[in-house]
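What follows is a set of structures for review.
Two complexes come next, and they have one chain in common, subunit A, joined by subunit B in the first and subunit C in the second.
Entry: the complex of A and B
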């Protein structure tokens, strides 16, 4: 008899994790390649085409970084809460509320002469709205231990309905022929671009916020509290941390960052409010967090990875005529194998022969 | 002098010989055309109909490429990527691509951009659509004859003039043969969302509708009607296959004829921006796929009306008809102008449902 079983690793180093993740990606590319082969596409030329289009063209990289920008912010938003074992499934809703509040500022004060203050005011409004939107679930989590997964998730649908209410109502552009979009914002509401490349500075803001959170968690006294509460809530009780206040504070920072992501997409890409401006960035942020085990620097890498999957999928469609269903399948295989490979980081696969 | 002239002629002839291809335009086989779709090509409706048009161009030798399921909020990157790859014509096939098309077009003045169903043009941006409202009117006649409950359900996508126009034309068709019938509208606020479309169809049937018509892109509502033994009308493509025993008819768009026309113009270098709105006489739109339950008598009446529309003896939006609240919209002997039809923002009498107030 042959027995196959898992044995828990005594320790799991970062090196093992990275090696296993790379193996998982290679496995996914091979498995996806089989599917590509069955529809008559040479997988190797498809892959090399994606890489050459992204990495040898200036605009391929621009596209990737543009797509990566909101994912870094929603990723770090979810990751920060996850450090305290809190789940912010509501990053998408906070994203919408951030964009919504910033739109209110743009529509209300955009016409006035003071254009220098417009963009900062929009950012302030968006960040505040994101923080306030998560305050409701945060308050109930802290004081009554109401399940944060459910409450933050459900707040998303309210946020989307609220945005719809304004888009179908008083904010609708009279020149849009009834299409639910606002008028374009004045140029003063546009996020500045990075010099010489077609990319708004939201990308740099994303990197900056992640580094800020990293040092906050690693170096500050406050960050130590967060880690204590996250690792052992009971120990926190004895160390004199006000757990309730900490939960509310961390969740509000998390919400503020997701709101920031909304403002950046609004002012950097769309320049107007419309439906679906999030494209599920809040939910993809959860995947980014999960892939990076809530490590802030891992968020940068995995936001890049998710953006690569999106943009690469588009290139495959454009150049090889691969149907979009195949791209979804592909993305599924990659995520499945990367997340599934986790088990090999924690456990060893053992094969034993017994008589 | 004579010698000089001869030389001049020779020089001109040589120049023409070398540059002739650009002076007189290039062959249609050298064209590259890109298509951006809002849904999957397998939606069986709107995007499928555009993809049939794309395949028609492929048959003519045009190199084509496409991307499916591009959210309207993510379209600018995709359009730009096609433009960067030197496509000659870029067809953007959803209303919501309107501003992203114009933005990218201003960055790439060499390429031709064709935006379907929009109203904003530029020097290198044209708009186009088919007068599918004429076919919708004809499907309305079928529904008016076939309904027993006198309640017909319509699934609205977005409450924009395009869709209001189609619902109105359908309703005018219904009421032209059955003045007692009512057309109930439910909005799903999406172009392609099969689960919402199916659920909306169920609600309409719960509410008494025995025929469901759609302005959305998928055949989900037809399947829902088939399941409950009711009738349904297809949109954009022939949807017979999705609901063989429920399908009364479909109002369709045949983009191939139009795409061929545009490709030839771009190849010849004669293309100029315009707002094209071809009608049923061109073949761009039609009523097809009559189900067996639609009697020969009804078909004949529909075809007669179609001939009248083609001969310009009958206009879909001709008076007299009233607005939803009963106030007169168009008087006897008058008809709406193209501009009025294009930007129509009220329902006609017989429609039950509301439009968002602006």
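Entry: the complex of A and C
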């Protein structure tokens, strides 16, 4: 008889985890290929077409990095909270609120002459709005242990409705032919571009924030606190770390970063507030965090990877007429197989023949 | 005890050449072990000697890499615990696996095949009969949460008996019992032996091992070194066999920095301290205690009688509802952990894995706990001086004999003994006035225990006040200058070292006041 069983690994190294994650992604691409095949597309030619389009022309790379910018920020936002075993499912809502607050600044002060201060003010407003938006779930999590997954998620729907309220109401551009969009912001509200490429500096801000968070987590007192509370709340109590205050602080930083992503997307890409500015970046940030296992540097790579899926989906949509839902399907399969692959990181699969 | 009789019999259970390898460790190296019906066969060994692994292999938790198991002469293969129990092998775990708000009967039948319409009263009667037969007296209708620890253990034993086990594995069964309860357990074991049950007994306690066992197998570093029959070896011989050579060498370095002498004021003085838990139940009732410098005060009691609450109050983790807490003559109005740690409280928590360390952090970073302003470790912006921290950790690991691959190793990978030494190193290496040691050697092997006891004694000699909280009465009597006994959140009394004996303390632990010197006030 053949016995197949799982045996617990005593120790799973970073190498094993990365290798298993890569295997999971390959598995997901293969599984996604089956779906492509069922709708009559040859998955191999579709994949190779996507790769050549992205990596052999300037437009492809630029679009990839453009999509990667908000994903890095929402990714690090979720990852930072995850370091404390908290789930910020609400990065999308904070993203919207960040954009919304920045829009208010642009619409209110955009007309005045002081254009130098406009962009910093928009950033300040957006970051604050993101932090305040998550303060509500954070407060209840810290003091009453209310489930953060549910509260942060529900806040998203409120945020989107709030944005709609303004878009369909007082902020609607009279010249928009009744579309729910605001007027274009003045040029002073546009994020500067990086030289020679069609990419705003939000990309660099994203990298900078990730490195900053990485430094804080690894090399500061703050990081020690996060490590203690995140890995062992009992030890936090024993060693005198104020868990409640830290939960609120970390969640607010997480919210601020997601709000920042919203401002960057607004000032770097759209230059006006409209519906669906997020494309689900907040939710994709969760996948980025899972793929990188909340490691800040991993967030950079996985934001790149998820941006690749986004852009690849766009290309397939254009060249092969594949519905946009396919992108979400891919995201789902990837998340599913990465989550499922965890069991192989914790356990070894063993096969044994017995008499 | 039918010694000769069981000699003649074939063993019921035979393990042959069991080998189990975990990455980097040979947990069991060709162990051969057998058990006859009607005998107590003890497994003796340090922590990490491979006892648990062997029993887990036997009870079907892990498959062995090599080796065979024979049951009544037939080769068997268990791939999960339920197969083992079906074949009559039952394990009574050290940590009870009971559901607190279910009754005894419900706990016992959980997981056994039962008809759709349960006849609980009929089953309860069966359980009562079974209990009567083996002195396992417990009310089948009571909920687990209303039982004493000793009674809960009886439920665990009944659980395996009800499932028809004929071979019982008892994993350190007396670790949580009072001396009287242990005595009762010995009686139960003897009775079961008469009924031809086989008992595999795992224990650290030499006395009970020599008292109960028909045979003793000594494990060390994954190997079975020897199997002895009753009366073949004395306690001391057993101990030295179990430790191997390592036990001979004891490190006698000066562990604690010297502390200056103060006047004869108590370091710790608490008066009428009361504590309520969040449900409003009173956990501590008017506790009075004084601990002087250079004194080890012991606190004896069955676990769960308020020891943890008292320790947490002293360490600043738990607020008291009434009473006065004075530290070095200064009244503490609002204690918190950081404040108490700055005043000089070192705290070795009872559950070292759950509270004392962060398993996934490196050894070095674990040294940073409980003090977040030390300028040796942080610059003024709160940035870590990593090189200094690593250097510090390395030197402390050497001083306290913490054995690990490097100072960057995750603490969670250390053995219990090394983990405890690491905690001790952290707590003793700061400015210190008072050491709070809760169950400092629980689950540790003889070497590590010796090291920790030595460190505690040295701390006392260097003028620290020490509160030693333990369930191990031998430990308390050996180390303490005065022993307080706690029961149901009250101090039942205190005994000086000279008047302390196990019987008396054991009696007081159950709440009986024994004539003794007055509580100091």
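Quick notes on this one:
Note that the second predicted complex is superposed on the first by the 313 of 355 C-alpha atoms of A that agree within 3 Å, B and C clash if a C-alpha of one lies under 4 Å from a C-alpha of the other, contacts with A are read in each partner's own complex, and residues count from 1 in each chain.
Operating definition for what follows: a residue touches a chain if its C-beta (ideal position, glycine included) is under 8 Å from a C-beta of that chain, and two chains touch if they have at least 3 such contacts.
These figures come from a predicted structure and were not determined experimentally.
Taken together in the superposed arrangement on subunit A, subunit B and subunit C fit without clashing. In the superposition on chain A, A:227 makes contact with subunit C only, while subunit B stays out of contact range. Using the contact criterion defined above for the overlaid structures, shared-chain residue A:219 touches subunit C, although it does not reach subunit B. In the superposition on chain A, A:352 contacts subunit C only, with no contact to subunit B.
Residue contacts after overlaying the shared chain place A:239 against subunit C, while subunit B stays out of touching range. Within the superposed three-chain model, A:121 lies out of touch with both subunit B and subunit C [touch as defined at top]. In the superposed model, A:31 makes contact with neither subunit B nor subunit C.
Shared-chain residue A:7: touches subunit C; no touch with subunit B. With chain A used as the common frame, subunit B approaches subunit C to a shortest CA-CA distance of 42 Å. Every residue of subunit B that touches subunit A in the complex is listed here, in rising order: 34, 40-42, 65-69, 71-74, 76-78, 80-82, 84-85, 95-96, 99, 119, 158-161, 164, 189, 343, 345, 355-358.
Residues 3, 5, 7, 9-11, 219-225, 227-228, 231-232, 234-235, 237-241, 352, 354 of subunit A are the ones touching subunit C in the complex. Only residues 22-24, 62-63, 77, 79, 315-317, 336-338, 341, 347, 349, 351, 354-361, 365, 368-370, 372, 378, 381-384, 386, 413 of subunit C touch subunit A when the two sit together in their complex. For subunit A in complex with subunit B, the residues that touch the partner chain are 57, 59, 63, 66-67, 164, 168-169, 172, 174, 177-180, 184, 269-270, 272, 274-277, 279, 314-315, 317-319, 321, 323-325.
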